[in-house]
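Below are two complexes that have subunit A in common, paired first with subunit B and then with subunit C.
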Partner chain A sequence: MHSYKIIPFCVALLLLNACATHKPPQPGSIHAKVEQLSEMSYLRVTDLRAVKRNHLLTVQAEINNTDSDNQQLYYRFKWLDASGFTVGSEEPWKPVLVYAYQKQTLTAVAPSPQVTDFRLVVQSPDNTGELP
Partner chain B sequence: MKQLPLFFLLSSLLVANNSQAAKIAVTDLAYAERVSGYIHLVDYHHKSSGRASYSERERDSFESSSASSRASYSGKSQTDYTEVESRYSYIEYGELRKFVGDIKGEILKTGDFKLSQAKPYTAKGDEKIYDIISRIKKGAYPGADYVLFGTVSELDFRDEVNPIIGTTTLSNTFSLMLVAEFSLINTRTYEVKAAFSATGEGQDMRVVTGGSRVVPSRGRVISEVSKSLGIDVARQINEQLGGGGTYENAEPVSGNTMQEGQVIHFSQ
Partner chain C sequence: MYNHSNALKATAIALLLSGCATQSPTLSSGNVEYGDSKAVETLTNEFGSTDLQTIAESMASSLLQSPALFAKKRPLVTVAEVKNRTSEYIDTKSITDSIRTKILKSGMVRFAVDTSAMQTQVDELTRQNQTGLYKKSKSKKMGQMEGADFRIEGTITSIVKRADDVKDVYYKFSLQLVDIESGTMEWADEKEIRKTSNKSMF
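Right after this comes the complex of A and B.
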């Protein structure tokens, strides 16, 4: 009898826990613009800013390596128009070596003036967890 | 049953209201442009002629001998040089037969007005083009309650090439900005019901690498200018005459939410 009463309570607790761990990213936050392929262990996007120059969106991201070893990062940008559609073809992955305890700046310019939004897609070989 | 007469009354009122919509005639955009020229004419003629002769005579006999020679040269040279330099400047008046199509379209979309066709100003341009009262009196706007009189303030073409920072590519921007002043004038009382300046902007931007050459699409730019000018004009008329909220472009065009040079800093 008691076990039947406990089950819904446990389910509610699990749901609450799931909500707490997978909060939707706040609009205007770095998390809303960065797509990580799994969780990176040592690399963090610590600063992200965008500006429109000559009608083209220019993005600058700062990657921080918190490890005492050099870390390899692969990144690419996804460019989106006002309707949320991707602009241009998919970019190739670009490799960057981030030295130990150092910050590396990535800069990219949108390929077209139609671009109004972007996503920075990053992955590192030392990602924690499983790659999708 | 009682609702039926009310329905007829309302529908007749609506029909009457629609038929009473004010008629607007939209003029082509009048412009005045200073035309300047420079003439530099150089006329140079040079003619020369020369004649040379030489004769030699020699006589030799048993008793004596003599020799004589004669040379002569005559020459004539004539040079004519004329140089004329002049600058001229005059103001050309006329009407720009473009950009008003979308203004008419957007005014119709507001739903508050009807349109009537204006007669084009075809006389040889002088300042009379700005004498809108005289043109109204001459019957250039038949059936119109109001005339939307527009004059070009500035028409600015720009062709810019800028390096894109961090890349080896260049952005080639061809843009046009048109600023025009408008007055909405009552054809009977000459009262100005609305006055404003409106802007139309258009651009064609291409990303180029060094050495490649692009030809901008002028048609696309003109089309964008015309459309944005039309929306701006209708929006300001709607705003100044306190039109209803039915006009879809009543708010200023937000377009791209990010302004040029504005930095967006994303938080952690």
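Right after this comes the complex of A and C.
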């Protein structure tokens, strides 16, 4: 096969592969609530729970470091109302150090009673550079 | 001939590319750019924007979970002083302003004029009632101000340590909610921050 025929074939295969692996997250799953700026190499969001306390949505996330080195995590929450609009201004990015093999808990309280949903946005400097 | 045709192609591509590019609505010398005000700032280990933002967020969310605030419907709160007991200059008013803004946005608490804004409040009432410039029916009455149910006050302290090339700074921000009538402390919380910097030889 000539190279000019192989290249489009490879591109098509890659595109098909990309379509096959990037399935939309299941509603209600952790992946539906977590936005990774890039696939984190060693940190995983292993648990997410949310409950309304005193009219305010309280969220707790568990981050698991699977590496033998300490890992830095940057995170913030996006708060959404019942219509899916963001509530309040953007949160500041917060740094947190996750020790080797540690399960770190992050807790956040929604800024207003209008909040009914959230997204946890995470970024680790040690990432794969790939889309999650 | 070959070089001539290549030059023509390059010119055509350059023209096409310049045709596609659009002008940004900026007027810049090239040395200044806007950044993310919410980014984690670690330029030095002095008190910075990330410290202010995380303290304000942490304290506001903790205070909004305080049962004392929910015992009354939309209680009235005033902000007293946050004392700076660190070795550096920190604008504590800026921290309490951020906390107040976050709590106010929740709509669950009201804030009374604090001592720093009281003179402006008194001046405005005096202007409306005693200058003779305002209709009596339209001016705000004297003696109608509401006293706060709670007072917020606090301190910020720091411990700075140096060893060889390492500088370690530990900040502790403490905030309390005091019931003004009874004088009882109804809520308190702390936010701790540690920042360590290395003075590298290279």
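To be clear about the criterion, the second predicted complex is superposed on the first by the 110 of 132 C-alpha atoms of A that agree within 3 Å, B and C clash if a C-alpha of one lies under 4 Å from a C-alpha of the other, contacts with A are read in each partner's own complex, and residues count from 1 in each chain.
Assume contacts are C-beta pairs under 8 Å (C-beta built on N, C-alpha and C of every residue); 3 or more make two chains touch, one makes a residue touch a chain.
Since the model is a prediction, treat every value here as computed from it, not as a measurement.
Undergrad: Let's test your reading of the overlay: on subunit A, do subunit B and subunit C clash or fit side by side?
TA: After superposition on subunit A, subunit B vs subunit C: clash.
Undergrad: Return first, second, both or neither, reflecting whether A:K33 touches subunit B, subunit C, both chains, or no partner chain.
TA: First partner only.
Undergrad: Subunit A residues in contact: does subunit B have more, or subunit C?
TA: Touching more residues of subunit A than the other partner does is B.
Undergrad: Based on the superposed arrangement, let me know which partner A:P113 touches: subunit B (first), subunit C (second), both, or neither?
TA: In the superposed model, A:P113 contacts both subunit B and subunit C.
Undergrad: Touching A:P95 in the superposition: subunit B (first), subunit C (second), both, neither?
TA: A:P95 sits against subunit C, while subunit B stays out of touch.
Undergrad: Could you tell me if A:R49 is touching subunit B, subunit C, both of them or neither one (first, second, both, neither)?
TA: first
Undergrad: Considering only the touch criterion stated at the top, classify A:A82 as touching first (subunit B), second (subunit C), both, or neither.
TA: A:A82: touches subunit B, not subunit C.
Undergrad: Quick one: is A:L57 in contact with subunit B, with subunit C, with both, or with neither? Answer first, second, both or neither.
TA: First partner only.
Undergrad: Which of these subunit B stretches, 133-141, 169-177 or 241-249, gets into subunit C when the structures are overlaid?
TA: So the stretch of subunit B colliding with subunit C after superposition is 169-177.
Undergrad: Shared contact residues on subunit A for subunit B and subunit C?
TA: Touching subunit B in the first complex and subunit C in the second, residues 53-56, 58, 108-109, 111-113 of subunit A appear in both lists.
Undergrad: Which bits of subunit C are touching subunit A when the two form their complex?
TA: Those in contact with subunit A are residues 36, 38-40, 49-50, 53-54, 57, 60-62, 64-65, 67, 70, 102, 105-108.
Undergrad: Name, in rising order, each residue of subunit A that touches subunit C in their complex.
TA: The contact residues of subunit A facing subunit C are 53-56, 58, 74, 76, 88, 90-95, 108-109, 111-113.
Undergrad: Tell me, which parts of subunit B touch subunit A in their complex?
TA: Against subunit A, the touching part of subunit B is residues 160, 162, 164-167, 169, 171, 173, 203, 205, 207, 256-268.
Undergrad: What residues on subunit A touch subunit B, complex-wise?
TA: 26, 28-30, 32-33, 46-58, 82, 107-109, 111-113, 116
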